[in-house]
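Two complexes follow with chain A in common, the first pairing it with chain B and the second with chain C.
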Partner chain A sequence: MPRILTRENAIRWAPFLVLLALIVLFSAINPSFLSQRNFARIAIAAAPALMVAVGVTFIIVMGSIDLSMEGVVSLTAVLFCFLMLAFGGTLASGGWIAIPIILVVGAAIGLVNGLVHVRLKIPSFMASLALGFVGTGAAILLTGGDIVKFDDPTFRALLTWRILGFPLMVYVAGLCLVLAWFIQAHTRLGRYFYAVGGGEDLAHASGVRVQQVRMAGFALAGFFYAIAAILQVAKLGQAESVTGSNFMFMSITSVVVGGVALWGGIGGVWNTLVGVLIVAVINNGMVVIGLPDFLQAAVLGLLVIIAVILSTDRRSVAFVK
Partner chain B sequence: MDIQRLKPHFPWITLLVLVAIVGVADPSFLKPANLLSLAGDIVPLFIMALGLTFAIYIGGIDLSAQSMANMITVVASVYLASLGIWVAALCILAGFMLGTLSGYLTTRMYVPSFISTLAVGGVCFSVAQWLSGNRALNMDATQRNETFGWMIGRTGIVPHELFIALGLLAICLLIERRTILGRALKAVGAGELAAAASGLNVARYKILAFAISGALAAVAGLLFSVKLSGGAPTIANGFLLPAIVAVLVGGTPLTGGVGGVLNTAIGTLIVAVIRASMLYFGIAATQQQMVFGLVLIVAIALTIDRSKLRIVK
Partner chain C sequence: MSTFIKDYIERETINRRNFLLATAAGMGAMAAPFAFGGGARAAITDPAIAWSYRDRASAYWNSVVSGGETFVESLGKSKDSLISLINEGSSEKSLADIKAFLAKTGGKCAIACDANDSPNARPVVEAVRDAGAYISTIWNKTDDLHPWDIGDNYVSHMTWSDEKPAEQTARILFDAMGGKGGVVHLGGIAANNPAIERLNGLKNALKDFPNIELLDAQPADWDTTKGTELMASFLTRFGDKITGVHCANDNIAYGVIEALRAEGIENMPIVAYDGNPEAVKLVMDGKLLATVFTNPHWGGGITAALAYYAATGAFKPSEEPKEHREFYGPTILISKKDAADFKAKYLDSVPSYNWKDFWGPSNGQIKYK
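Moving on to the complex of A and B:
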């Protein structure tokens, strides 16, 4: 009989069990946590974060890291608002064109990120951190520090139109998650991500064009950041140079807490979904049971540390920078 | 002439060229008073960069420096009234302990430094928000002047911050060049596995490097809060990018092992001149972050030692 309580099984199911335990805990302290309205609130908070986290999941699966999300989300959100205004300010007047353009722009920024990382041979965390700064800088430059907004009821339906109590944006995020899962599980690119993350030398020796795969991964991440930016604009109704702030810490915490190993090759978008929900439930639950919100950053910090420690097989790591 | 032999001299040549360019465009830039006040203004950033140098020198990174400085501005503002001058000791101790925590997590728990310091930075941010009640705080002006007035005055045309900066630079230089710690850090930066194989207690020295980085970030925060006579949980935002830029353009590569604190002094001056030149050439403040982001990429690309990175992740 196969052992059920192996290390692998524990790691695989721990995030999900943690999520369930958290829901039980918060419901026990305050039963109103368990209401449909509150779940809708959690889902709205989690939808843009999920898109950012899904984007960075591909990168982490490859064993790299992307810290550019704050800058990319801010820049694409601001650009999206400007484009929307340029095309008449509503989806119906031609503003819908802004959506595909912004998705392409997001992918292009990601590609630049990948180019800098791969061609200049700069470690990804620093290349992406620097480009994130450039993105935020560009957003500041474009807005001059102001808020950009447009008023289109059709576009805001993403937030206001509810199906079964959940707004449309939650379903959009869900669809994009399925798309990400499809890429991960059923495309060659998805398998190459795991090949590169599992062992770059071996992947290279097997004929995988590692450099192209890395660049494609960063472009794909940028694409998902752009989706996040659009959802965030739908959620807030406006964009500014700080629209993307907090996403970096939150998304990386989510991905790691969900069980995607920082060393690459392990985990996937479903882990990320669980991780994003854990973080969203904690953030929401702390408010519901009356804890002050300044604890959030510290709790996220502790969470990511614990998750990394638990998921690291210490025998296989020589040294850490 | 071999470009590899010229490479160590790039930073100060860059600095001289930049000063010359700005000086030609605007001769009043070269007045000693102007140059000194320019240098005085950059001191908090310099101290943070000085600390970061230790983290980067061993091949790590400290992304908590900015949150640390933020937290310390709040701590200093809150406890100045009750502790007086001892608040400085509290601040430095807090920085040292939190830096030690980052180092411990990185070396003993195998959490990569960019994650561990990001997480410790999150803790700092929470503490700052909690202590300040999420408001901007002010120091009592007379008490500040009595306790820390000596930090920010001027003697003739020389700002007092410069003396602090030079003092800290001398201490760091001493650590780097004349102590076992300095030698050990060089060994770790040059080749961690070889250092460990030679019997060096690598983990202990790495933890110390992160602790020094935290302590100096705290000093930077303290000086900054004294300058502004107050503190807030986000007041030092915008320090991290130029501080990393200062270390890297100074010639300490991300891969560690070469460069050092003197390089960071030159790097910080380069950052100061770039900032000043942006004003002279009419580049708006809103573009600074973009420019520094691009400078950072160029600086990393030029300095990084690719022979150490078999696989670039």
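Moving on to the complex of A and C:
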């Protein structure tokens, strides 16, 4: 019989245990935390962030980093609203065309990101950060600093229509997560991400076309950022040049807290799901238990450090940079 | 050599040159009273006009600058003749740009300025005085700096007090709540002055409503997304106890409305601040009880006009009473009954202002605590 309490198992399940511990902690302090309605609220907060985090997971698994999410989400959200309004302002009147267009636009921006990184040999950190600024700048240019309202009731059903107490957007995010898992676990591309992240030279020597894999990874990330933008518009009913704000911290933190290693090759989208839920539960829980606002940022930082300590296997790493 | 280092050396060289020029101009200005027998400097004919401000990406500063442009157009000049000195949130750049502008125009200029942060206002106005130019400021200055202490060259300072209007919106909110129940406040970035004043306004109004409880006040950082998430958490914590919501700005209110819509809650009394076009529409639709407009367009135009007309000698600042040197800008409360009128008057078309009516819409002398 295989042993259950191995070190590997403990580390694999640590993020999930951290999540459970947080839920128990917050529920003990304020029982109303542990209610279906509150879980729905946490899920709404987490759904767009999950899509961003899933996108960046692929990049981090490859051992690279993508910091363009804020600009890409802002730009695609603004473009999405403009397109929707241009196509009649409702889903039914032909506005649905905006959805596939925006997904392609997101992937295209990601591809540009990958091209700049791979072809111009600029570190992914810098290339993506710069492209993110370009995205935010383009969003400012398009909107002139104003808000674009988009309030089609059919589209907003993503937020207002509930199945078993959870809004439709939560199920959409769930389906996209399954799609991401499928890509990760059952496609050649998914396996190549791990090969590149685990050892790029080795992958290259084994015949993996590393440059193409990297570009595909960034395009895939852009695709998921565009999904996040659509969900964010569904959640807020508007887009502006700051729609993507806070996603960088939220997504990178979630990915790491969930147990995906920043040095690549370890973890996957399920880790990311748990990580996003941990961060969303902390954010919600701190207000629900009535923690004073001047303590919240500090507590969030501390909890993140604790979660990373518990959920990453640091013994196997020779050095941390 | 890297462009960064090259630019840096270039900038410092210019700064040094400006410093020397400014010093020379300053000595000239000191000598001037003697030359003219103790009188003020001769008036400047056709001074150059500049607006020094943070950035062009926000609706607020866009509106301020559009006011400045309308003013220069009223002088028969082109829009472009208003020089934008954009400080990008850097006080050092704000001061350096203003000194460069003073040097370039030889002090023959009128400047409207938000000094970016309070301590920066003094070096800015002193540089302007030393160059013999004229300046009017808004928002940022320290409490111990007064135009009348600097002289005619520091024409005026305008700021906005948010405490009273926030108190008025709170009263409207409490009346809508029937004078009882629980209210939550979603604030701006905790350390920002307007955020503090807007919360204080709410607290002032609470004193007259003993049956209303402030359940909690937390920062939502002026942000729509933060607003939705904070409101959702408040709903878990307080549930049906929340019968009214006081928001520090319109953006937060948009988030609150969406958080409530997700729960199927309609008709929650909500008030906001800033008077953005979208918020005014929400007031007209009855989804928002009230918001407050501070007329940045007028503020941008009149600040430039004050500096300009003082420079041309159209009026002499030191002959004006103190409430014309340091004053509050206008605040207009917008509620359902006047929202349509407000929209027609201020939003559908920009009203034309008399840029020589410097103090008409202003709101009394600044009081320090």
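As a convention for this text, the second predicted complex is superposed on the first by the 284 of 321 C-alpha atoms of A that agree within 3 Å, B and C clash if a C-alpha of one lies under 4 Å from a C-alpha of the other, contacts with A are read in each partner's own complex, and residues count from 1 in each chain.
In this text, a residue touches a chain if its C-beta (ideal position, glycine included) is under 8 Å from a C-beta of that chain, and two chains touch if they have at least 3 such contacts.
Note that the structure is predicted; figures quoted are calculated from it, not measured.
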*For chain A, which side has the bigger count of touched residues, chain B or chain C?*
B
*Touching A:Phe125 in the superposition: chain B (first), chain C (second), both, neither?*
first
*asked:* Under the stated touch criterion, which partner chain does A:Val52 make contact with: chain B (first), chain C (second), both, or neither?
replied: neither
*Would you check which partner chain A:Ser32 touches, where first means chain B only, second means chain C only, and both and neither mean what they say?*
second
*Looking at the overlay, does A:Val72 come into contact with chain B only (first), chain C only (second), both, or neither?*
neither
*For A:Ile252, decide between first (touching chain B), second (touching chain C), both and neither.*
first
*Look at A:Ala221 in the shared chain and tell me whether it touches chain B only, chain C only, both, or neither; answer first, second, both or neither.*
neither
*Of the partners chain B and chain C, which touch A:Val304 in the superposed model: first, second, both, neither?*
first
*Of the partners chain B and chain C, which touch A:Val269 in the superposed model: first, second, both, neither?*
neither
*asked:* A:Gly145 in the overlay: touching chain B, chain C, both, or neither? Say first, second, both or neither.
replied: both
*Return the residues of chain A at which the contacts from chain B and from chain C coincide.*
140, 144-145, 294
*Can you list the residues on chain A that touch chain C in the complex?*
30, 32-33, 35, 37-38, 41, 44-45, 140, 144-147, 149, 156, 159-160, 167, 232, 235-238, 240-243, 245-246, 283-284, 287-290, 293-294
*Contact footprint of chain A on chain C as seen in their complex*: 56-59, 62, 190, 216, 218-219, 223-226, 228-230, 232-237, 239, 251, 254-255, 258-259, 261-264, 276, 278
*Name, in rising order, each residue of chain B that touches chain A in their complex.*
59-61, 105-107, 109-116, 118-123, 125-127, 129-130, 134, 192-193, 196, 202, 241, 254, 284, 286-294, 296-297, 300-301, 304, 306, 309, 311-313
_For the chain A and chain B complex, residues of the former touching the latter_ = 63-65, 67, 116-118, 120-127, 130-134, 136-138, 140-141, 144-145, 200-201, 248-249, 252, 256, 262, 264, 292, 294-302, 304-305, 308-309, 312, 314, 317-321
